[in-house]
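Below, chain A partners chain B and then partners chain C, in two separate complexes.
For the complex of A and B:
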């Protein structure tokens, strides 16, 4: 019995020494340790995502031929409409490039789009994240914006070999600048995630709203990215202002809550916009990617 | 057998993955299906202390790896719990006491990661008492309900590895 007690005491002492060493150890050691455990789990997460895709495939395969034919017909119509839209946008893009050249305006950052399937979602009060099945091997870099269509989903926070972690718009670690719909003077507001404290829909906070801002009547105001800072392209939609705005304690500005325009927990696929050229903000993120 | 803890970890991993899957379905409610504390209880009855320590550390690091929790907080806390449990095996002598300990350990470990995350979060902790209560309640229920199937799996693996059974009177 005494031997057991002595052993326990020795173990506690060893643990204390280890804790001290752990705190004093260079961050590279802790980073390596974290990366090793992430990579250990990566194959299982990939398998999980692939089996989910497989289940969807077989579910779709079990549908009748008539149903599929109808879906194909609908898709063909949508494709035709989209083709016209693409041509229109191509004309606008060319004109935009020409005008920028004339005015010698800075060319915005260009992005490479990497489509990735969602492997798993993870959410608590302190983080709202998704794990996607694309990583460093596919060219994804930390800090890259993640979108679905023209809607911002979040931002890549950590990149591993075959998987990446994405902080959602509502996650406390997320921050970006935005414009509000109906604000003719284009005041810049700040969007940041908040710690979730209810079982309801998670929301982000929109702060620094000017006092004289009034929301458009009859519809929720949309919130768009500004394109400043070089992380997100401009005019991507972040979501809607939830209800009204309310004055802050200081009283100089107003605040409101942001409802993401899509159900972020039902996404199956997202696009990661990897900047073709590394920007300074991204370089800063790389030192912080495991936080 | 020296590597028993590693084989046990591999055998326990599907349960952790299952918990991640359950967390995925609970994602819209911001709750996590946490079972790492429960997974630690049964091995502490049969493994040697150093093996239980390594097993606990890996359990903790596996949970922390993909989440913004300060490095080592949960892992080292689980190690301390493993040392305590493997030194006081009379506390986990029979099933009812194991169930009680599983609930306590799971809730404690959950509280540790929740508080550690709040420390590292850039967002202030306001009005989160309700959410914390819900998370702890879920951990308690999950910890108690999942102990038996997890312990059965772990004991089956330990039997195959010829690890001696836990003594009736420690």
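For the complex of A and C:
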């Protein structure tokens, strides 16, 4: 009994000493510890992601020949349609090049695209953060926008050696400016993630909507990035205004909720648009130096 | 060995017993006192104490509402609200940083062995340094976005002293904030997107600044972006005297008592800075425009900062007001006035009004010089205030300016003469170079006179001698009565509105002239101690000079009344589809058809070939009457240029009046100076009227 009691006392003492050390430790040490933990965790996350990929592969491989033939036929049709699209885009691209040559308009590329597989969702932030399998080693920097196709997924908030954390559009830590479809005067509105419980549908809030704005008839209004803030390229899709709870009037403005245009939690792959030049927000996120 | 009796604990003697009971009752009384006190506090005083506790730990923050909009008659917004983006620092969240900086500075002071350390000053400096550091970060994000960032210098580097004022923490404002509004966030940048300041040169720059801050500045942290609304006047100085402007007010709104959930009488209320109308429609319709305040009930920390929002009520925007102005005609009117300049190139003080003949609704009302209400909507700089003061820009000359109407009054003299039957429309009078009244020669403005002059010609050439003769024959009583019949002594823009004033009379535009209006007569001259009335005074009055004082709006109403063949027009600045064309106090003009036709024909001739021919508009025949009256400017004689009229001549739709204050060194004449302004107004109005299908307008009975 005495030994048990002594053991328990020792545990409490050890825990207290550890907590005290953690509190008293310099912030650099604590940061180093956190980083070390993340890096220690990274291979496990990688393994998890790859295992999921492997499971998907075997699940597909186990399908019958008839199923595969039907899928092949569907894919052939899709391919045919896409080829037509490609030809159309090629025409547009050529026209674009021709016009640029005429006007001597030269736009340098502002972003470097890094494709990354999604490793996991981070359960520590109410399911509104994902971890991707690319990090500092791949050139990813904090603050970079994360997209899937033409859709904004979120923004990189923390970068580790081989993984990065991405705040989704619906995360309370996400904020950007947007234009609303149907607003001819292009007023900027504010898109902000909303904290919600894990069982609820995650959405973002769209605020500072002009009072006289009215949605286009017959369809939910699309919400696009403005490209004015220096982080997100312009005209990327953020989502749709949720018509059901639309138009909560606050003073001279209206508010609405934004439904992301994609299921953000079932994404397998995303692109990180790493700016070629560091922007001031990035410097602030790193929290060190600026001029 | 002692006896058992020696071991007793109870006292045996009366003295001992008395002592024991004394102590017992003392403690009992004390115990009862404590119990009683507890009962009293817990049961009897509980309500009051709870309220007192709430009062000490809670605070009501009042949230001003958005004011309503003001539209022109076609629904174009003349006054609106725009989003103002302010960057604010949450002082409660910065406490730790303030403390760290303070300790660091204190250590530095001690290290350099300072003789005395002013800790209060040190704490204030620490706050300023921390806030300045954050402000620098804000500007860093906004300024550096499009440049390649060079990462070298420390984040908390202070901005050089040469930086613009808005990039420095104002220590006086910080002190005031900590004293009066400690619970609210401290404003670092008041208006991030306001064009024309150091923050943003154009509206687009301003929007970019906001967007950069939103996307690049960390969401978490003590710095936040708040948006509220601020009054904006999209057309700048246009119609400023009608629209007015708003000013800050600390007065608690009426509906504060509606906060029924809490008793606010004794609770700390955060000083309320809302907006209230200060001039123009913003002032007269303040009750409609100002809306309903919102409030928030907060619990507060022991340091006085807000902690948790317990309850709240959203503010409600004020109602809208639709004015009768047409912004296109208003713009043209002001553009016409802006061309009037003195020899030094300064704008001449002037006013112009256009009203709907049928309804009396004012389509344009301009006064020059003016001011830009946008520059008065937020913080008024004393420099700008003084500039308006010096230029005389506060005065609405169209409704408040009192002037002798000069020859435009001759239409009333002629009407009075014909009604008194001292002259008829076809009578010709001999009009030489002057007319002798008593011992004095009253001159004609044409040195050789006009010879035989009838009513029609009198109005065309603005013959003075005809009016001297008719005025004296008519007599001062009839002449003054006629002027009063046309309402020259009656305040205008009076209305009764249940909503705005609870059924009390109100003036649509504040401070419109009322007591200063003068239609002189014998009594008036005696009252002001100027002696007995004489024929010379009557001669002066007959040409709109002397003691007579009126406003341009009154003269526009006179023109509208003649156009309708009535005596009164009740103008209004509010657009209403329910107006029926009836004007309170209006009577038939009292002339027979020939007389009225001649009066109107003379005014038409005035424009076609007379004194207003410079303002003739091909394809638009209209009636007019010019006037040039004398007034004294800084002790020297100067001229006022007038023109009144209505258009079109055959089926009047609008009436107008233009007044220009000439300077001592300017050559100012009714037709030549005021005429072009009238012309520009009508040239703008005419296509609009045609487009709006003029035929659908109600015809004025002739």
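As a working rule, the second predicted complex is superposed on the first by the 200 of 291 C-alpha atoms of A that agree within 3 Å, B and C clash if a C-alpha of one lies under 4 Å from a C-alpha of the other, contacts with A are read in each partner's own complex, and residues count from 1 in each chain.
Quick note on the criterion: a residue touches a chain if its C-beta (ideal position, glycine included) is under 8 Å from a C-beta of that chain, and two chains touch if they have at least 3 such contacts.
Since we're looking at a predicted model, the values are computed, not measured.
In the superposed pair of complexes, A:48 makes contact with chain B only, with no contact to chain C. Once chain A of one complex is fitted onto chain A of the other, the partner contacts of A:230 are limited to chain C, with no touch recorded for chain B. Measured by the number of chain A residues touched, the leading partner among chain B and chain C is B. By the document's definition of touching, of the two partners only chain C reaches A:277; chain B does not.
In the superposed pair of complexes, A:57 makes contact with neither chain B nor chain C.
Contacts of A:32 after superposition: neither chain B nor chain C is touched. Residue contacts after overlaying the shared chain place A:173 against chain B and chain C alike. Once the two complexes are overlaid on chain A, the chain A residues touched by chain B in the first and by chain C in the second are 172-173, 192, 291.
Across the complex, chain B meets chain A through its residues 13, 17, 20-21, 23-24, 26-32, 49, 53, 58, 61-62, 64-68, 71-72, 76, 79-80, 83-84, 87, 114, 117-118, 120-128, 130-132, 134-135.
Residues 65-66, 81, 83, 137, 140-141, 143-146, 148-155, 207-208, 210-212, 214-220, 227-229, 314-315, 317 of chain C are the ones that touch chain A when the two sit in their complex. Those residues of chain A whose C-beta lies close enough to touch chain C in the complex are 143, 172-177, 188, 190, 192, 207-208, 211, 226, 228-232, 249-253, 277-285, 287-291.
Residues 4-5, 7-8, 11-12, 15, 18-19, 22, 30, 33-34, 37-38, 40-41, 44, 48, 120-129, 131, 157-158, 165, 172-173, 192-199, 201-202, 263, 265, 291 of chain A are the ones that touch chain B when the two sit in their complex.
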